[in-house]
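You will see chain A twice below: alongside chain B first, and alongside chain C after that.
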Partner chain A sequence: MIHDFGVVWGERGLLLAGLGNTVLLSVLAAICALVLGALLSTVLMRQSKAPVLVARVFVDGLRCTPFLLFAYILYYGLPSLGINFDNWSASLTALIVYHTAYMAEILRSAWAAQPRAPIEAGMAFGYSGLGLFRRIVLPPLLLTAGPVVGNQMIQVIKDSAFLTVIALPELTHAASSIQSRHYVPFAAFIAAVLLYWALCLVIEAGVASVGRMAEARR
Partner chain B sequence: MSHGDILAIFNGALTTLLLSAAGIALGLPIGLGLALLRWARVPVIAPIVAVYVSLLRATPLVTLLLLLFFALPNVGVPIGPLSAGVLALTMNTAAFNCEVWRASLMDFPKEQIEAAQSVGMRRGLRFRRIVFPQVLRTSLTGLINEMSLLIKVTPVLAVVGVVDITRAAQRIGAETYEPLPPFLVAVAIYIPIVFALVSVQRLIERRNLRLEAAA
Partner chain C sequence: MKRLDLPAVAGAPTLQLAGISKSFGSLKVLENISFDVARGETVCLLGPSGSGKSTLLRCINWLERPDGGRVLLDGLPVGISTGGVVMSDRELALMRTRIGMVFQHFALWPHLTVLQNVMEAPLHVQKRPKAEVVEEAQAMLRRVGLLEKQDVFPARLSGGQKQRVGIARALAMKPSLLLFDEPTSALDPELVGEVLAVMRDLARDGMTMVVVTHEMAFAREVASRVIFMDRGVVVESGTPEAFFNSPNTERAQQFLLRYVAAPAAPTP
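Take a look at the complex of A and B:
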């Protein structure tokens, strides 16, 4: 058993490259999804019916779709419509679009629970449109939605592992190739699991510090 | 895509549903058991459960599934794709369910337990008659939410060769060189199932809010 972990240690370059790709992919996807989700949440909070309905169908439809199937449709399905992706762009697009739906819903429900007074005060001071959203609505929203957004980031990391099926060289893919090359399944996948755990603990620590910041501002 | 192909996807859907049901049926009581171990602060075991939950919540299901599928035979435990799938789903969902159950157990009013003690109820009876019925009601929405999450990760089972919805759709795509239609059929099966669960969850949430407002 110790020997097996030695073998994995010998392949640490591959494993760390996988970890790097997982982090790169997840961070990029999470940031883009958060920005797009924030924009989409402004559509969900509109008064007029039609845009809200379209956004609602998009958000609820994706939230009921398994991520893996969504990634398959993008990577294998869309080429028959003439849209071709390589595995990196398919992965990134799948993660961003899918999690935009979740982020939008998270921010919408946090927004609906916000007190109206600061927003009305902002309007009274002449803020409107995107300026109102960026300066008045969004900052307290991000602070209160912080823990849920953090959970969603953990979900992004976990979903990125699915992308091993379209041969993206991320952490699970690296562990698979180490296991198939040296036949050390236990050591290879346990190493990957521990690295995922470490990533999640880092995010949880980050969320806790945002929570303390929110507490201090209150 | 022929009628036979659509039938094959529905056959896969049956496998998906059965495996999900098995995962849910095993994961609910195991999660409750783990939560009770932590709630009762059983020495040595409670911290182990805490680490298990934290670790499993951070582990992607694909990674867990590949670990079980390849590593268990290596240490002399023969395991097929189906049993590896059920085991992975159960281990994963039990960890999440444990957190849901534990949150309601922690919120449970102490006075009620003390009242039950004062009328001479023993621990087992107290749990069965007083704690469990109320904890079940407060955990219900969280548990249903976890069920919909579980169903959404089931396509992963196709990775180790379980012929579920996704695998059936992949096969048809490979045979007809038209992968898009079978995948769309697969999504069209998933969406109503997950949507139904989410709707039930919202319904119960609203009813709970009404009950709270009335109380």
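Take a look at the complex of A and C:
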């Protein structure tokens, strides 16, 4: 067994390259999904019915689609409609679009639970539109929804593992290659799990620091 | 967004309300309300709960959209432009920067410190230079006696302190008119005095204010004029002396009996 881990250590370059790609993919996707989700939550909170309905269908539709299936559709399905993605852009698009739906719903529900008065004060003091959202509505939302947003970011990292099926060289893909090349499945996959776990600890630390900021303001 | 510095129309009173009406469904809450507020006046809106005072106040800056009537601030239209078109959110927002508002439940921004609360709109809505805004915000906090709390978050303040920050925040906009929506109703009795004291100073310094309140002693002492409302109409208006000493209408007499003459309930 020790020997098996030694073999994995020998392939650490491959594993770390996979980790690098996972980090790159997850960070880009999480940031984009948070920004787009925030914008989409403003549509979900509108008064007029039609835009809300369209956004609602988008959000609920995606939340009920398994991520793996969604990635298959983008990479294998869309080319039959004449839309071609390489595996990087298919991967990024899949992660961003899919998690935008979740982020929007997370921020919408946190928003609905916010007291109305400070937002009204923002309007009375001359804020409107996106300025009102960015400076008055969003900051308290991010503070209260911090733990749930962090949870969703962990989900982004884990979903990125599915992208091995469209041959993206991320961490799970690297672990797979190592095990098939050297027949060390246990050691290779455990090494990958530990690295995923390390990434989640980083997110947890971020959530904790947002939590401390929220606590100071509560 | 650029600061709107349309000059006030010369000679116009600070606020003109003409024929303001408002219904919630089939319930008429305001019916044809008209009055002016001159520069430097403190007008107190009095009346029983549900008489429409707060709704009227919120119609002045269009937080509540009136069904009919016109609002003019410094002679300039609020909500509906001179051409009769309803203003865009952005146009309305620009007019609102000229009207300060103090809320019953304070409505401070919880993610910002006291100083940041006061600086927020002057800096990001009016886009005034930062050095000037900091200096003025601190001057406003000194005026309400809370400069030493400038780096504290609102959650750490008492109700009275929160409301004084609310007043400093409104003053920092350099508004033509200050609106107070029951500013002491959410406060513990022992904290009411510190807020009223600040408001009394503002009135003395010539700030133009419209105050919805149940503090009769305050209205009697500070108001230039009181307006008594009941069931969505102005029943009576006049100087505080005239209103409190010899009200003309029966409704006002009954109201005063209940709120002023009634022996104070023993406090536990």
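Criterion: the second predicted complex is superposed on the first by the 218 of 218 C-alpha atoms of A that agree within 3 Å, B and C clash if a C-alpha of one lies under 4 Å from a C-alpha of the other, contacts with A are read in each partner's own complex, and residues count from 1 in each chain.
In this text, contacts are C-beta pairs under 8 Å (C-beta built on N, C-alpha and C of every residue); 3 or more make two chains touch, one makes a residue touch a chain.
Quick caveat, the model's predicted, so the values are computed rather than measured.
In the superposed pair of complexes, A:P185 makes contact with chain B only, with no contact to chain C.
After superposition on the shared chain, chain A has more residues touched by B, the comparison being chain B against chain C. After overlaying the two complexes on the shared chain, residue contacts for A:T65 are found with chain B alone; chain C is out of touch.
Applying the stated contact rule after C-alpha superposition, one finds that A:W111 touches neither chain B nor chain C. Shared-chain residue A:A161: touches chain B; no touch with chain C.
In the superposed model, A:I136 lies in contact with chain C only, and not with chain B. Judged by the touch definition given at the top, the superposed model places A:Y102 against neither chain B nor chain C.
Of the two partner chains, chain B is the only one that A:W197 touches; chain C does not reach it. Of the two partner chains placed by superposition, only chain C is touched by A:M123; chain B is not.
Residues of chain A touching chain B in their complex: 60-61, 63-70, 72-73, 76-78, 80-81, 154, 157-162, 164-165, 171-172, 175-176, 179, 183, 185-186, 189-190, 192-193, 196-197, 199-201. Contacts from chain C toward chain A in the complex involve residues 1, 61, 63, 89-90, 92-94, 96-97, 99, 101, 103, 105-111, 120-121, 124-126, 153-155, 169, 173. Across the complex, chain A meets chain C through its residues 115, 117-118, 120-129, 131, 135-136, 139-140, 143, 216-218. Across the complex, chain A is touched by residues 54-55, 57-64, 66-67, 70-71, 74-75, 151-156, 158-159, 166, 169-170, 173, 178-180, 183-184, 186-187, 190-192, 194-195, 198 of chain B.
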